[in-house]
Structures are given as structure tokens and as C-alpha cells.
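Paired with chain B in one complex and with chain C in the other, chain A is shared by the two complexes that follow.
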Partner chain A sequence: MRTCQDPSINSTLHAAMNRQTLSNGPARVGIGGPVGSGKTALIEQLIPIFSNRGNEIAVITNDLVTREDAKRLQQSGLLASERVVAVEAGACPHTVIREDPTLNMQAAELLERKFENLEVVLIESGGDNLASTFSLDLVDYWMFVIDTSEGDDIPRKRGPGIVQSDLLVINKVDLAPYVGADINLMVKEGQEVRDGKPLALTNCKTGAGIQEVADHIINNVLFS
Partner chain B sequence: MIQITDVLGHSHDSKLSSRLHDLSHQNKVEYIVLDHPNLQRRRFRVKTDRGTDCAISISRETRLTNGAVLLLESDRAIVVKMSKDRWLSLKPNDIPSAIELGYFAGNMHWRVKFKDECLHIALESPEDIYLDRLKDFFIQGKIVRANHD
Partner chain C sequence: MIEDDQILILLQHGDSFFPSGAISFSWGLEMLKNDKVITSISGVESFIECQLLYRWGSFERVVLAHCFDRANDFETVIPVDNLVECMTFSSELREGSKRLGSALLATYSKLNNPVAQQYQTLIQKNHAYGHLPIAQGLIWNSIGLSKTPVLMLSAYNFCISVLSAALRLGLISHIDCQQSLIKLRELISEILTWPIPDVEEIHGFTPFSDIASMRHENSDTRLFAN
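Moving on to the complex of A and B:
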């Protein structure tokens, strides 16, 4: 990849290179995981990284019967409120990212029509267990977010989200000592059940590990 | 890195097959090997069997298939090859066990097919993950492993 010492020129260069692939629309990235694991906090950390690279971004949130996650992002000031769309699943949100993702596909298409230079759509969806997965008709790449306070046995429970996601994110690493979670064990067992696919450790409150998550997205679907 | 934004056709298409045939004799056809779930992807990064780095970004209306031709140049072609599915084949010992197994497989969102009184589960993760989930069925004698053709 061509790079330059001037960061502002670099971000322009990144954006220009990625627009070469825009004819087929923006990349769609799924962010799933149990309620409270830190998905929205992860998005709040990712937005500035993509903005600094010059990538136009939008977010779709999926909630059961409210628009809480969308409101939180709209009020954060991190991106214009019209770039955040809420989907109310009316049932466990995993049903609208896997079994019938039509609502989310329509929301993504709406954003793509509205923002013609859109490059990344982040699609957030909770799920009350480890079985939540994304349809590859909906997303190009997806990650599953768990956190240390759920217990360090989560990776070895081998739910489909743990095993099949493109990236496993273990969040709240700072809480591990307070809840008796062994991070090394989580990493070891996560690697064992994921057949070589990557995992990342994050603290979404401080931003630790977020760049690594962004790099996985950049490398795999933004191609730079 | 090669950027691929379209599917040129299928390897059996008359317009493409003769050129592919010639290139294959020159050992210049590279393959992107994908399993069934990954064939659904439209935008991803992958290496060919020769190590060529490919950034694929095709339209949402396009589907990759076994034999899809992604690149055809004078000195190189890139073709999609679907890897053979791996199956876990199970034979229920009686009808109640068959019903319970079918319900369980559906609840686990496993991709299955039925043939010769057996349930065949497509393995999209290591086999021991499936066997662990089915442990009680085996212990209780409700199912036995069978061969898959």
C-alpha cells in the first residue's frame, strides 16, 4: 500500500483507494454478542478511527423493542444522527440478522442510497446467548463480542458465535482480576475452538486493543 | 493484491472454457477454494492456491459458485472451487429418536440433509464440537454413526 508521512494525506489516500471498490457498495460489518458485552462501546471507539482515515461510516442498531443503542450513538456526537438507523426486531434480535435479515438489508440499502460515498456500515445486534450469528447475505465480515465478566468459561462453551465469527473480541480485560477471570485461559481456549481464526482483547473504555479490531476490518473488507 | 469486482462467467461457458483449457495446460489457472458457507460471501480477502492475494468485492446480487471465473488474462486465470462438504452421518435407532434428533439439529441451526434413513449434518466447525453436543444421544443409544457416500 502506498503511504506518506503526512497523516492527512494518508487518510485521503486510504479513502480514494477504497472508493475504487465502491461500485459494489460499502462494506457491511456485523458486531454481535450478548447484551452488555460492549458492542455499542466498541462502535463508539471504532467510529473515530474510520473517520480519521477518511472513511464514511453509518451504523444500524438492532434492539428488541426499543431504540436505546441508536439513541446512545445519535447523542454521542460521533457521527451525524441521520447516519444511525435503528431496527426494532420485535423478537430476539438474532432472528433479523440470521433467519430473515430483510429488515437490516433494507436499512443498509437505505443508508447506501442516502450517502453515496458510504464505505462502512456497522450492524450491531445483541442476542441473549452464544448462538447468535450473522447471515453472510447481510454482512461481509462479522465479529462476536464477549467480556471477561461473563466468566472465563465462555470460549470453551463453543457457541456458534464464538466458533464461527470472523473475529472474536474479548472485551473488559480490565475487569478480569475483579471477577476472577483468567484471560490467558480465555485466549488459549478461544484459539483452540476457532480453528486458527483471530481474536482480539479490548478495553472499550480506554480504547486498548481497538486499533487491532479496526485493522482486521480494514484488512479484510476495506482492502488497505 | 488483485481486486476482483465481478464474476466473468462459469468455467463451462463456451466463451471461457477453451481459454481456461489452454491456460490449464500451461499450469496458469489458480483456484480459490471455498467451503459452502464462505461461498455466500460477496466481499472478502482470500489467497489462491498459489498464494495470490485477492480482494473480492462483487455486487450483492451476484453469487459465487463452484466454477465461477473471476480473472481471465493472457497469462493467468482465477477460478472458484468449492471444497467438498464434510458430513457427520447419524442413524437413529427408532422413530422417537429420529424425531428428537431432527428437532435438536434444527434447534442448533445445523445444515442437514436426509438420505437412506440417516440424518447427515454438514460440518462447518471441527467434528468434535458436533459430537460433544450429541453426546447424550450416543450415551442413551438413540443414534449410531453411519457412513456417508
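Moving on to the complex of A and C:
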């Protein structure tokens, strides 16, 4: 495969090729990251943005032990409950999104058959460590969510999730002063280890920065 | 004796690296652990032995052998698929069998296997279910395996699926798993000598795991799909 020098263009090209070759249906967007970093809260903020644009959306959750995340989204009123599907991870959240994503692919295909106008499927990984990544057979585009309270040294630890994701989201920016996290340092080191691929700062409680995340999804996999 | 050209195929399909989806299933073990019915390695081994003797050997093995022999005749295979659906009482065990069967078919469909693609189409049109032993019989026949290795592979995959679940549930260690697999070889070999009865004679009697998986349906705390 030929590559170009601009990593952001590579990311877009890669997503476009995936969309063309792997899935003619809705765009599949992976959202990974550690427990408590704000993945479900991010989804809750993204749903209204896509709904307001007229994009049909569905969500797959990979809860580790309970159906907490799926229930939270089903009860949120943001989305019809049948558009939220939980896939059990068998204690290995990274495995069901990478080495053996068959059950998540099955869930996505079921949603695609059930809702023929579906445009976006958000696939939320069960909380995992910094090493988790998504199979490119499963998703067209994926982001990794960390938060400031985990420590401002997280980006420079260079986990595959931090380095390889199409978009790095640093959430809970409002908490940084209270936990002694230097956001500027996180951004600087995040940019360094990601070789120029984008990152976004968010506060999923207030919605700050969410539009930027949505724009990345729109520009990379929806194209309109 | 297994021919050399089949060994690599067996290794590929007996490896947890193969994307089977099995990692998400415990076949009732999780609930039995949560209920403190199974708490140790001996309990795990008894669970697997009972499953092999009173379910896999008398049910899945027979279905698999039957479908393997008739893999080119969907009209014969589909009624057996229906029979498996009707005779698997627990919803989670029934769904588990279908989800894993569909996963195997989907993987091979993406690998451009025509048998997988045709049977997958029948499932999508609600003409078939795609239970696991059905999918195994169809696919493993189509890739050139012979019947005895196929039956071994099915039994082995079931054992490592449960042992792997037991490991993640904290019931046994990684060395225990290997010890158990060594012990289970004898039982698997013995079951493989049993004659294959007519498919109408399939039966199973595993009440502990059946009831456990039924109770698991309403459990809020779950690592596994069954």
C-alpha cells in the first residue's frame, strides 16, 4: 500500500479505503479507552449531534461484567432502546475488538439488517488498558479516550491505543487543575507520540469539544 | 491416522487465535461459579466430563457427523438444524450455538468459501439457523478435513472454550488447564469410538448447566454470554 507523508491524510485515506473495501453499509466507529475515561459520556454527547444532522445511529457496547453502559444508553432516551446492543466480552475486552471481533461484527451486521437507513454504528469497547486497539475488519475509524485524572504522563507512555488511534480524545479537561495534570504537556506529548495525528480536548459533562470530535467522524467516514 | 496435509488445518482451527467468538461463552459455568456450585479444578473437570458424556457425545457429535457426511445436501442438513433448535431448551445455550455457528460461517464467507456463503444466505432468509455443529460439519468438510479429525477438533474446541472460561473466572490456573486437557484426552478418545446413531436419536441430559444457563439469562453480573 502506498502511503503519503501527512499522517492526517493517511488516516483519512485509510478510513476511506476501509469504507470502500470492507463495508458498504454504515460507518463503523470504534471508541476505546480505559474504564471511567468517559467513553459512554462521549457517546451520549455525540448522539444528539448526529441526530440533528439527520444521521441514523446505533450503538454496540462491550460491557465487561454488567450491562451498565448498554442500559444507561437505553434509558437515556437519546436513542430507541433497540438501537443499543450489548456484546459480552468474556473478560477480555481487547480481544473482542481486535483478535476475535466476530461477535461485534455479527452485532453490527444485525443492526445493519434491522435498520436499513443506518449511517453510523458506534462501537464502545469495554474499558481496557492503553494497549487496546480495534481490528480494521471491525471498524472504519476509531478513537481512544483518556482523561486528565489518569495522570498527565499517559500520552508519553505510548500505549498502542494512544499511538495508533485515528483520534486521541483527552477528556475531563475541567478536572486537570484539581488533579495536578498539565494539559499543555499532555497535548504536546500526545502530538509527539502520535506523529501529527489529531487529538481533541473534551469535557463530556458540558459538551465542550464534542463538536470537534463529531467533525472528525463526519470528515473521515461520513464525508458529508 | 491423520494425514500430514490435515494437520496444519487442524492446528489453525484448534487455536484460540482463530476468530471463533468462543471467548465470550462459558456454557453455564459462570452461573455455576457464581452460585458456588463449582469452586475448584475438580468441579471444572467434572463439568466438562459431564458435558462430553451427556451432551457433546450424544448430541453435537452426532449432529456434526451427520452434517459432515451430507455437507453437499442442504435439504438434508436444514431439518437437522431445525432439530438442534428445537432440542436445545435453554435460550442462552441455543443462542450461543447459533452465534458461534454464524461466526464460523461469516469468517469463511469472508474467505470466499461458497458453502459458507450459501448457508449464510439461507440463515439471512430465515430458512436455516446455523447452529455450531451444523456450521462445523459444512465448513470443515468443505476445506478437506476427514471425519475423525473433525470430531476430535470439535471436542477439543469445546474443552478449551470451557477451560479458558474457567481460567478467566479464577477457578483454575494455566497449569491446571493443561493438566485437565491431558486428562480429558482419554475420555475424548473413548467417546470417539462410540458408534454414530441415527440423527433422530440425539439426546442430552445436563440439567445443572441447563438450569444454570437459564438462570444466567437474568443475571446482572456477567462476563460471558451464557
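We adopt the following convention: the second predicted complex is superposed on the first by the 200 of 224 C-alpha atoms of A that agree within 3 Å, B and C clash if a C-alpha of one lies under 4 Å from a C-alpha of the other, contacts with A are read in each partner's own complex, and residues count from 1 in each chain.
Convention: a contact is a pair of C-beta atoms (placed from the backbone, for glycine too) under 8 Å apart; a residue touches a chain by one contact, two chains touch by 3 or more.
Being a predicted model, the structure only gives us computed values, none of them experimental.
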| item | value |
| --- | --- |
| Superposed partners chain B and chain C on chain A - clash or fit | fit |
| Which of chain B and chain C A:191 touches, first, second, both or neither | neither |
| First (chain B), second (chain C), both or neither touched by A:91 | second |
| First, second, both or neither for A:103, with chain B first and chain C second | second |
| Partner chain in contact with A:52 - chain B first, chain C second, else both or neither | neither |
| Which of chain B and chain C A:113 touches, first, second, both or neither | second |
| Partner chain(s) touched by A:136 [first = chain B, second = chain C, both, neither] | first |
| First, second, both or neither for A:67, with chain B first and chain C second | second |
| Minimum Cα separation, chain C to chain B, after superposition on A (Å) | 6 |
| Doubly contacted residues of chain A, that is, touched by chain B and again by chain C | 137 |
| Interface residues, chain A side, partner chain C - complex | 64-67, 87-92, 95-96, 99-103, 105-106, 109, 113, 137 |
| Chain A-facing residues of chain C, complex | 17, 19-21, 23-26, 99, 102-103, 106-107, 110, 124, 165, 168-169, 220-225 |
| Complex contact set, residues of chain B against chain A | 1, 3, 5, 37-38, 40-45, 55, 57-60, 109, 124-126, 129, 132 |
| Residues of chain A touching chain B in the complex | 20-21, 23-25, 27-28, 98, 131, 133, 135-137, 140-141, 158, 160, 163-164, 193, 195, 219-221, 223 |
